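In what follows, chain A forms one complex with chain B and a second complex with chain C.
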Partner chain A sequence: MSFFDLKGLLQPLTGIRQFGKKPHTIKLPDLLLNTADRYRGLHHNDLEACIGCGNCSTICQNEAIDMINLENIEHKDGDSGLRPRVDNGRCCWCALCVDVCPTGSLNLTKDYIFTSEDANDFLWIPGVDNPEGNNNLSFTSDTNTSLSMYQRVPMRELDGKERVKSFAEVVLGYSEEEARREAQRCISCGLCTNVCPDHMHIPEYINAIAKGNDADALKIIYDNNPFPEMCGKVCTRRCEEVCAIEVRGEAVAIRWLKRYATETAPTAEKIKEIVNPVIKESNGFKVGIIGAGPAGLTASYYLALRGFDVTIYEAQAHAGGMTMYGIPKYRFPLDSIDKQVDYMKSIGVKIKYNTKVGKDISFEDLYKNNDAIFAGIGFQNAWTLGIENEDIPGSIPAVDYLNIINRGDSYDVGKKVVVIGGGNVAIDGARVSKRYGADVTILYRRRVEDMPADWEEIEGAEDEDIHIATQTIPTRIIKGDDGKVKAIEYLKANMVADDKGGRPRPVAIEGSETILECDTVIGAIGQEADYSWLPESFKDKIEVKRGMMIVVNEFNQTGDHKVFAGGDAVNKTADAISAIADGYAAVIGIENYLVKK
Partner chain B sequence: MSNDLVLENEILNLIKSAFNAEGNVIKSRRVEVFVKKDQVSSVLLFAKEQRGYIHLSHSTCIDWIEEGEFELIYSILSPKDKIMLYVKTRIDRDNPVMENLDGIWHQLNTYEREMREMYGIEFPGLIGDKEFCLEDWDEIPPMRRDFDTVEFARKTFYQRPGREDAKDVRKTLTEQSGEKIPDFATKYSRE
Partner chain C sequence: MREKETTLYIGPQHPGITGNMMVKLKVTGDTIISSSTHVGYLHRAFEKLIEQRNWLQSFTILCRFCVPEPDPMELTYARAVEELEGREVPERAKYIRVMVMELARLQSFMLWYAGQSGSAGLYTLGQWSVGDRNYVLDLFEMLTGGRVYHMYIWPGGVRRDLPEGFKEKTLKTMDYLEKRLDQYNQMLFDNTIFQKRAQGVGVIPKDKAIEWGVVGAPLRGCGIKSDVRIDEPYEVYDKLDFIVPTAEGGDIWARALVRKEEIRQSISIIRQVLDKMPEGEYYNRVPNPMKWTIPAGQVYTRTESVRGEIGFYVASDGSDKPRRVHVKGAAYTHGVTVLDKVLKGQNIADVSFILNSLGVCPPEIER
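Entry: the complex of A and B
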């Protein structure tokens, strides 16, 4: 090797030929490589879709998520009004919060770069602090693979063809295993409790069932509902409409789980053994209750527990009110009512049957002989249809028809029946007629999706081959030569959008008169209360406003402070659970009025 | 690809008859066998030396806490048959000892060290530092299901100030509605 290495000197210069070529490396920050498809970056929350259930906060193993109030977000039915805030100093981006988010509002984005000199900046409100994150979602949840379970454990029922043969109960109830499985779907947020008129402790009793403690579940249920088997079978269950799981799946079967818990106590004695209620010593006050419906029974039960001497005056031969005489036995069997009423009697509630206030006993006497009165009179009188020939034989209001059947008498509906209305009472009338072998058509003014009846009832009717003729307005009943119902005439209707923003209303199509032959017309368009029991002398204090509702305060106290009222005649919702809530509220009111005054 | 699962059933039946084991064809190219703890080395050696399952893909553990057992899974692959065979065994959770099998595949050494640290399973004779991923760990092994992650996070990481306005959802809802949860029921409320 010579001292002067020419090759070694010149060879590096060959690198110059690379000059001007495009580099293989990427230029920052213009060209960042894309993250993986399911990359778990910073959170984003869709504040509109979020319902504040707090499931994200509960599952977080790092306690990195708080639920907080935000400006401009108020609580409403099905929304707690709270929203998640993430401490990114604690978060490990495991994404469990995203996986269990029932609405799918919480997601992780592709963004993973965030810098700040102030450590407190790492406390983030997803969706507020990064509104643009919505366009950059990466890790989202999927209801098929989520740890949350979106499919309801199906309820076993009698087959449609089988059940129209008898009044056997259609719904068969959950087995123990099914109930545990269904109860485990509940995320215990409690959104349901806010829309329950009675504010039952739903997450608590469902959790007790999930953990295998049915007795505790029953005790929790009886804390503010003494008629739970009825609710477990026929409640209108607004709770399920706001269930967090309902947003992307099937709501937890709250009603069926309550039913399961109540069925673990098959007799009145067993209920008493499990609930083991504390009955206070007599406080010397007497309370008279008008009507043994859900409102009257609830007031009686909790008053009796609190040491009041309680007597119910019931016009009919059986307790239960509309749940006894209005609801068909295939939905709510007689022995189920008896069991619950027997239990109430066993703790001291007295019931005088066949005693109609205003007829068999005067309201004045009741008023004189008691320290307080609770009126749970219900809606007994049907609204009339207001069409020609409504009063001829063969035309009967649904409440009267159901009353006849439920008290064990018979009524011949003939071969073809038309039921008018779209509520649960209409469906009940139709399904009962079907059980007597009739061919049944329901005429309803609006569309199926507008029907106020429970969707399971509508499906039940359809399964039993009941025809629902929607957008039909009855105009007259046609009388046959024998003076009885021969047919019904109706007009077809178009749905017209309401200018004031209400739901679309039906408008009759001129010249669309259609005649449908039938033997019986059952009207079920609503009921109202009967106030014939209330003497004139009380009417200046006990106010009955338009729509035949009694005016009460928050404790269900009327203008006459000794008289309380509840149930259909008081609340607008006119369902059993509202009646129970009224009865319970009145108990607090009566106690405040008599004991704590 | 044939759909009649001939190769899958062949390896399954061989192991079932030779080792008196249970097992299933999960789906195409996926076979699982359940064997006794002391048969695992024989099954792995048989599959590796005689049936071409020369590649160890993975080994892991499942904590069946309700049944008082750990399940160990050895996933081995035959490149020729293109079948993944899962050899599964259960060991006592209260006395979690498993034979050290890193003599069959040396890669198992890493998996066994991980399982020793994360589940507390002992592999007698296993060579390697006791500390694998964790440093100065004095809790119960963290992948055991009775390890309370929330409690650990609570005592290990301090709570940043400024989070005191956090609300409990269930309690907020009761304040909105006026619901009164009886004391005996609160143990079923969400924490």
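Entry: the complex of A and C
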């Protein structure tokens, strides 16, 4: 190439051609680019849909999000009441917060311009500071793109046809791999903990399971629940109802994970080895406990650990209360009860069986010989149906029926069984009868979706070919020539909207009488407590209010400060975990009352 | 007159390249006697930060190693994590990833056009190419929601599928850019000023190139055919038809010739990928990122970035966070260890011209 390369000098001048072209730059006022449909601009939060789980805040690696209280948003079950605030000065618009938001409330918008001299102005509460952002959503998440894992690891169960042949446990439990996978779904928001009556450390033990530390999980569980395998099998799990994942998917199987953790300790000795509890030296105080149900057992366990001398007086021959005599064995097997109770005994809990307070031993004696009393007496008496011929042979309350079966005796239900009620007790009565080969119908006043029973129990009943006749109101039991139940008569009902805004009521349809032949009628419409043990002289202090509930304070202390009470006889929720929570609260109460007073 | 030896500092404010770094020169007159590179002006400790972030969070930091080409970082990390975990990537995602890599190459080349011509005092072309680069960024915005940092390729695949109309828009953009390239080349390669300044300047001797650890276009500009995309194909590069251009001479000119052809190859690859891309999943979902752990182990993963091979050494101790992510990029070798050797005997005005041709990206040195 010569120094005077003419082409090389002239060629670049061809650039002059561009002079007449339209410029790339956009002039005002069109300066605002119309951003792409997926643009990652400023955040917007649907404040109604957001549940304040804080997952957005946790994932943000720039720590651009903090969770704050807003004036008009209340804390409630399943909603922490907090909402995210974004520091737009820190945000890098990675949108990880969007992709981990379980509810889908948090999204990015097409908006991207904001200027201010004040750094604090860049703190935005999405949805509050830009309500209009809702019309401009761009980078959003749906359940396909979200990083939340919406599908539950299915639980393996005995097949419906197979399981009605015996009382073998229906639920088979998670394998190690399944449990790890299921535990991974938890986002540790803790909304569940708030709702659990016992405030169990749910995210913590699930995290331990996810990491493969099953022993840690069990230890964490035993911190405030000494009967956890029972809960792992039959808990009413209100926690799962508020699970953040449940908003757009299937709740984390909290109950099954607890079950998994507890089953890693197959014997009482193994539980003791893993939990390795610290048992304090005796403090010289004696506590008498009435009833070895979940409430009484819980109080006893934690009192014993704290150095109290504890004895339980139990009317029946076995511990467990309604979880032993009510809940059928295919849900909660005997060896599981025994394992857990044996462990409690091994740390010092004493149980006197077949000792009914008020009959075998007087309440006054108990009161005199102990420094404090805890009554966990449960609901032992069934409500009556209030219909004709309820007391003839062949008609039996569900709790009595289940008690007979669970203690190992038998009861002849015949070929056709009718169960009245829509709760778990009714389903238990029905499914047990199915296991005796009967043809079972449940009569329920409202619709299936109104049934208070656990949805998995309802599904279980349906899998076992139990017929649920909804919107039916029993009117009388018809007696046969042999004096036993021959049939039941019921009216069909319409659901009528409640004027006061309550749930719809069933109203009988006149002339719709229907007769259903059957050999056994099982009533399962509710239970109440038996206070025959409580002497008159105590009744002015230990108050029993309408609905047969004992009145207590936050530490489950009655008007007689030496007497504490908990469980079904105290709380309205009537489930085992509430009884456990009561037992635990009473321990704190008794300790405050005796040791720290 | 005897000339005295003087010390000169170029930088640390953007010494003709993006990012802070300083080149300390010893000169006599206009001739460089020796040089040393000084870094530490933007140390952001990314590698360390990553050790405190979980496996997913980390991917939002990585891309910031190098502003002009964030995407190869995302891919290299994703591939490393996938290899450690044994996670499969859907076929469609692999095609999308290759497309993103080549789009990244395109936009980065357009910045190179601006840098390389600008540091020779030729400013018109830079205005053009940076303007045209926006059309590629438009594509990125449409695909990922972001223009410069995309945070789009993550372990398991890519974050979102192609949006509607993306293919058509991309093909149109490719046609446009291809035409524009002819005009760019008239402005640069046919330009005597560029020719005179590039030829024989900043020479890397062929017999030293490998020993010095040179990679990418600078290596291929020494006549050595080396490119991770064909040497150790990943994703779907082995299913595509493209050439790896080389040129002889080892000077700025040779490196420019290599890039001139590579950019055309990228356009061709993008067209092939869009044509062959199968339908199907684009993402093999990772578990809840808060509880996602990676089995203990270590890998070294290589990717061909625009500036040459980058490698990530990723180690896991089995927990939810990387134990170590170490990045070996082109910039460290080219900007720190090779630069001194190449600058010797050159003129002061050539420093940023040479830096541009070596593809030095200071933030990547100081990750």
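Criterion: the second predicted complex is superposed on the first by the 562 of 597 C-alpha atoms of A that agree within 3 Å, B and C clash if a C-alpha of one lies under 4 Å from a C-alpha of the other, contacts with A are read in each partner's own complex, and residues count from 1 in each chain.
By our rule, a residue touches a chain if its C-beta (ideal position, glycine included) is under 8 Å from a C-beta of that chain, and two chains touch if they have at least 3 such contacts.
The model shown is predicted, which means the values in this text are computed figures rather than measured ones.
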Which of chain B and chain C A:88 touches, first, second, both or neither: neither
Touching partner for A:75 - first (chain B), second (chain C), both, neither: first
Chain B versus chain C as contact partner of A:220, first or second or both or neither: first
First, second, both or neither for A:183, with chain B first and chain C second: second
Which superposed partner A:211 touches (first chain B, second chain C, both, neither): both
Partner chain in contact with A:52 - chain B first, chain C second, else both or neither: first
Chain B versus chain C as contact partner of A:61, first or second or both or neither: both
Chain B versus chain C as contact partner of A:140, first or second or both or neither: neither
First (chain B), second (chain C), both or neither touched by A:120: first
Chain B/chain C common contact set on chain A: 58, 61, 187-188, 207, 211
Footprint of chain C on chain A - complex, ascending: 1, 5, 7-9, 11-12, 14-15, 18, 24-25, 35-40, 55, 58-59, 61, 92-96, 99-100, 108, 138-139, 145, 147-149, 181, 183-188, 207, 210-211
Residue numbers on chain B that touch chain A, as the complex places them: 149-150, 153-154, 157, 159-163, 165-170, 172-174, 176-179, 181-182, 184-186, 188-191
Sites on chain A touched by chain B in the complex: 52-54, 57-58, 61-63, 66-69, 75, 80-82, 85, 87, 89-90, 119-120, 122-123, 187-191, 193-194, 199, 201, 203-205, 207-208, 211, 216, 219-220, 223
Chain A-facing residues of chain C, complex: 53, 56-58, 60-61, 122, 124-125, 128, 131-132, 134, 138, 141-146, 149, 151, 159-160, 163, 183, 186-187, 190-193, 195, 285-293
